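Across the two complexes that follow, subunit A remains constant while its partner is subunit B and subsequently subunit C.
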Partner chain A sequence: MTFTGETFVGLLPELISTVFIVVVLMVGVFVEKSPDLTASLAALGALAVFVSAAVLLATGFSGEFFGGGFVVDNFALFFKMIVAGSAFFAVVTAARWSGRTGDLPEYMTLILSVVLGATLLVSVRDLFGVFLAIELATIPSYALVAFDRTRRESAEGGMKYLLTGVIASSVLLYGMVLIYGVSGSAALADIAETFTGQLTPVAILGLVMLLSGFAFKLSAAPFHFWTPDAYQGAPTSAAAFLSVAPKAATFAVLLRILLEGMPEAAPTWTPVMAFLAIVTMFVGNLFALRQRNVRRMLAYSSVAHSGYILAAFAALQGQGVATAVEAVLIYSAAYAVMNTGAFLMIELVGEDSKSFNGLFRTRPALALCMGIFMAALVGIPPFSGFFGKAWVLLAGAQSGSIVVYAVLGALVINSVLSVPYYFGIIRNMFFEEPTKDAISEPRDTGAVKASVYVLAAATTLFALVVGPLSALTRASGLL
Partner chain B sequence: MITTITIFIPLLGAIFVSLLPDNERTVRYGALAVAAIPLLLATYIYFAFGGDLGNAALSQELTWIQSLDIGYRVGLDGLGFGMFILSALLTLIAVVSSWDIHTNLKQYMAMLFVAEVGMLGVFAAQDLVLFYVFFEVTLIPMYLMVGIWGDENRRPAAIKFFIYTFLGSTIMLAGFLALGVLAKTFSIEGLQSGGGLGATAQVAIAAPILFGLMVKVPAVPLHSWLLDVYVSSPISTNVVLSGILPKLGTYGLIKIAIPLLPQGVEPFLPFIAALGAINIIYGAFVAFLQPDLKSLVAYSSIGTLGFILLGAASGNAVGLNGAVLQQVTHGIYSPLLFLLVGIIAARTGTRRIADLGGLAARMPWAGALLALGALAAMGLPGLAVFASEFMSIMGGFEAFPVQGLLATLGIVLSAMYLLYMLSRTVFGPITKPAYEQAKDASPIEMAAIMPLAVLLVVLGVFPGILVAVQRPAVEAVLAAIGGS
Partner chain C sequence: MPPQLQQGVDFLNAEIPLEFYLVVGAIMFAIGAWGALIRRNAVVVFMCVELMINAVNLSLVAFSDYLPQANGEGTSYAILVIAIAAAEIAVGLAIVLAVFRSRRTVNVDEINTMKG
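Coming up: the complex of A and B.
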């Protein structure tokens, strides 16, 4: 194992986030009275990770390091950008909230640690590396959820998240160990050689446990129940971040494991994915319909969107593989902009759906932004969410499998099923009269508002980047 | 290029109007200026390129997603041009007739212009994905216009409208994507005659597309969303809602379903013709029973959409020409009637037919124009709807005699209820003393109505001015389906 200059370049995003973790923590210790400095440093760190990944992507950098266990390709770099980008918005939002309580440096450090874990995760090619990176991204997130000491829900959500998360990790690890036992190696390339033809029962058990562990992490039903409590308890910025960044990275690594580690076993795992997708979509949407709290609604909505992305995994067969990979990438990017924006709106308006009443009359620009996010989450063109769903449908149509067609049918039904709760917010904002106490605007929201405007613009103009994104992922290196 | 400019001018207009100061006069004149530009451009296109819509100056193609051959492809042809220019005209009329909107006027105009982008775009799109995007762009503004500015029943009406049409269009999208993926292109031109797909695949793809389009029209068992939303809308929204939105469905049928999937659509054609006949007869019967003048006009509007379905399903030159023309003529008479209903309701304070009577005595202009619209609706020769209905029935009868015959019966029925309505509202003695003071249509109201009334007469006498434009495109459709 040798470190060359190229290794450093390939590890640039991870190295940058490591440096900023240390710097932010130290600044927190030695310069106690300056929350602004810490926040700016953390934002700078997230931005630097984003830019470094973007530059590597633009220059077409790719390579394998550490004996092939760590890979830098377009696919990985793209997800690193999603992770760092959403971290940036979380940091910007958190600065306002956490500046009052005095533990801002710790909060920022935790966010940057998740960034480190998630950026590593999308690049590893070895099951145990995957496990370590997942834990590196997950353990700080338990603390993030439980961070708000002033609210009881935060502690409750953190506790639930921790307990279920630990179980999920053990199931995942057990599955990995079984797969290791079958193939005698944890490297994906070696696993691919043993996962061919008729699978042994142990191999199937290992695969099922691996997928169950991932289902927990991705809040796929029936392993989703921690999600609403965790997102409701978490500080808004953390909920926005956790529902996007670690999830996108986990989807990415699952895609890598399945496509690089067990492509021959696709007939075994695509039906599992189809089942998970259908159940997850229905559970997410049906429970979201009942919510009056916007935060919980968005939590269940994130379950539903996990289901839509899993539908792309079910389409990883036949002619649909290339388009399905594209679908996961495009959906993750689309979801990142629209969902982060929707969560940040809670910071500006409130988490009771009634607090959105009459927003169109009191603050029309914000109402327009939230309307854009909601329409995008439904999947209405020209907003970003439409392209995510359209790509899943395209991939499914190419796969040529009856099971996948059933999944697509469920996706169409679920899109319509989701209209009432997303449009409930639009109705409250545009059709209802303002309630009296909703008019008082929280202070120090300039940065959050600016973030919302930027994200709304990104959600609207997503159509312009979808072409380049598609071209980029064709050359993603995963296929 | 000029097509793209025409489509997106209203988007700039929406931003421009939002930035105007909160002065009602300024906003109205600003919106008027914005709405005039696409109409002027479309009129220029008619006179400059009317005989040659395939001209390269009108079409544009940009790669969007290379691997799937999805592109920004726009261009005009005879199937859509009539609706393209009508969309621009009806938007202008909606701006003029927004006299009953006073709160948040700027936002109303902005939403109207966003909807106009979608309407103009649909009739110019030459790519399936682009078509769908424009198709859906109209949805949210319409939902908001009904939901914010409609009457007391507006909220359930708006969401019902949204859910129904979104369900339909999402199912339609699944069909579009399957078609494009299997044929390896999304270009409407490249997909003519099925894009090389077999009959079974075509049927499987045509089914969801037709379902989505029939919801949008709406064909009768799927129509329940429409009545609520028509009745609850403000009048100026009605103009666009009844004039353009149903045509998104019928246009999709003529432009996409039939020429792109000829073998797939074929088994469904008798049913589409039957749905057309059902629309005509059901619309007439139910309109007869309506106590409310606006509901009557709404059902009349649903009914005459049936002629478009019948003509489109016929698969022959006469029927298709009739269907394409009927899209435009329906879009002229229906907004006219809705505008007059709005004026009458504002003057008398009621829309109940039983409470009205003798309006012609004090409101001669409004009364006469209502009579003109009603006569047009029943297909009186010399007025615009006659030619298109007649051609639709001729074509429909040739292909499907039973359905054609039933449609003819519908004409008789519609004449009955429309004349009955006229006799109880416009003619006869004045029933209430309050109506003695009712004022006739004001100049601004006349300004909104007169263009439509003039068009009814002009197109009635010279239907050729549109038929000539649309004929080459209709022949192309016939070539695609292998008919004559």
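Coming up: the complex of A and C.
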């Protein structure tokens, strides 16, 4: 194991986020009245991580470091870009909110810590490295959820997230230890040699516990119950960030574990994934239908979207593997732009669905953006969500398995089920009378508005990047 | 030495099989999980989670000591896990404290303003 210049280049996104964590924290400690400075520094840090990952991706950089335990390939770099990009929008939004309470540096440090954990997570190739990175991404997110001291729900949401999260972490860890015990190594390549043929009961127990732990982190039903409380309690910027970045990274690492660590055991884990996908889609959508609070509605919608991505995991068999990997990648990107945008709208308008009433008359541009996000979340072409769902359907069709066809059926049914609550918002915006208090606009929202416009444009023009994305996956090195 | 006593000494001198550690670990994990699910005090839930993590650590160290192909790597992973558990609890207690300040209770059943 040697350090070379290449190691440092490969670790560039992680190194940059580490440096910015320290700098932001120190500036917060030593510089008086530092909110603006720390906010700009954190935004710069997130942008730098994004650019470094993009540059590495553009130059076709790839390599394995630390004895094969850390890998940089197109797949990992792409997810690092998603993480850093959503962190950037979270930071920009939080600058306005947290500047008032005066603990902005801590908030920014926590966001950058999640970025570090999530960027590491997509690159590790060792079970204990995965655990370390997952915890590095999760522990700061407990604090992020509980950060808003002005609202009682925040600490409550944080505590519910935390108590269930630590239990899930220990279940995940037990699964990893059992797999380590069965295969005698935590490296994914060695695990792949053990997970062949007939699995021993201990190996199956380990796999089930590992998948349950992951299901919790991905808010897949029946382990989703923390999601609505955590996202309702969290500050809006944190909810937008946590519903996208750590989740995308966790999907990426789960894909890596399953494809690199246990490809021969696919007949064992694809039915589990199919089951999780169906239950998650139905639970997410049926509960979202009942919500009056937009934040909570979006939380359940994020559960449902986890289910759609899990459907791609169920399709990781037969001829569908390559397309399923593409589907996970494209869906994660599509979800990142549309969901971040939808959450940021709450910051501008309000979390009660009534506050969206008549938005088209008072603020037409914003109403149009929200309309785009909602249409994208339903999956209407040409917006981003459509391509995610299309690729999942394509992968499932190629997999040639009856179980997966059932999952696809559930996906179509659920897309229809999800129409009422997304379009309820659109109806409120375009056809209801404005309520009186909805007209007063919150101050200092310039940056948030700009973010929403950018994300709406990205959601609309997503079709342009689908082709390159798909080509990128073909060469991602994961297959 | 009488033969019965000799038998006892031999039994104590023999190496403890791997399964013993794993069974103890599994029992500890189950007790911890049970406690985490039924106890209502948030701090006690943390104690139970700590029990679960230490049970996992016991299995981890036993595996790495007994399996020849594991090369004893598990011990260093165990140190890592202990550090992570400490970090979890540090953040956890801070959040519990924040809840206690606003509500004067850490009973998880009474902390339920959000529903549905």
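Everything that follows uses one rule, which is that the second predicted complex is superposed on the first by the 479 of 479 C-alpha atoms of A that agree within 3 Å, B and C clash if a C-alpha of one lies under 4 Å from a C-alpha of the other, contacts with A are read in each partner's own complex, and residues count from 1 in each chain.
Note that in this section a contact is a pair of C-beta atoms (placed from the backbone, for glycine too) under 8 Å apart; a residue touches a chain by one contact, two chains touch by 3 or more.
Since the model is a prediction, treat every value here as computed from it, not as a measurement.
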| item | value |
| --- | --- |
| Partner chain(s) touched by A:A336 [first = subunit B, second = subunit C, both, neither] | neither |
| Touched partner set for A:V83, first subunit B, second subunit C, both or neither | neither |
| Which superposed partner A:G233 touches (first subunit B, second subunit C, both, neither) | second |
| Partner chain in contact with A:A390 - subunit B first, subunit C second, else both or neither | first |
| Which superposed partner A:A133 touches (first subunit B, second subunit C, both, neither) | neither |
| First (subunit B), second (subunit C), both or neither touched by A:S185 | second |
| Touched partner set for A:R427, first subunit B, second subunit C, both or neither | first |
| Complex contact set, residues of subunit A against subunit C | 128, 131-132, 135, 139-140, 142-143, 146, 149, 152-153, 155-160, 162-163, 166-167, 169-171, 173-174, 177-178, 180-181, 184-186, 228-229, 232-233, 287, 290-291, 296 |
| Residue numbers on subunit C that touch subunit A, as the complex places them | 22, 29, 32-33, 36, 42, 45-46, 49, 52-53, 55-56, 59-60, 63, 67-70, 73-74, 77, 80-81, 84, 87-88, 91-92, 94-96, 98-99, 102-103, 108, 111-114, 116 |
| Contact set on subunit B toward subunit A in their complex | 63-68, 104, 107, 129, 132-133, 136-137, 139-140, 143-144, 147-148, 154-155, 158-159, 162-163, 166-167, 170-171, 173-174, 177-178, 180-182 |
| Complex contact set, residues of subunit A against subunit B | 322-323, 326, 360-361, 364, 371, 375, 378-382, 386, 390, 393-394, 397-398, 408, 412, 415-416, 419-420, 423, 426-427, 430-431, 463, 466-467, 470-471, 474 |
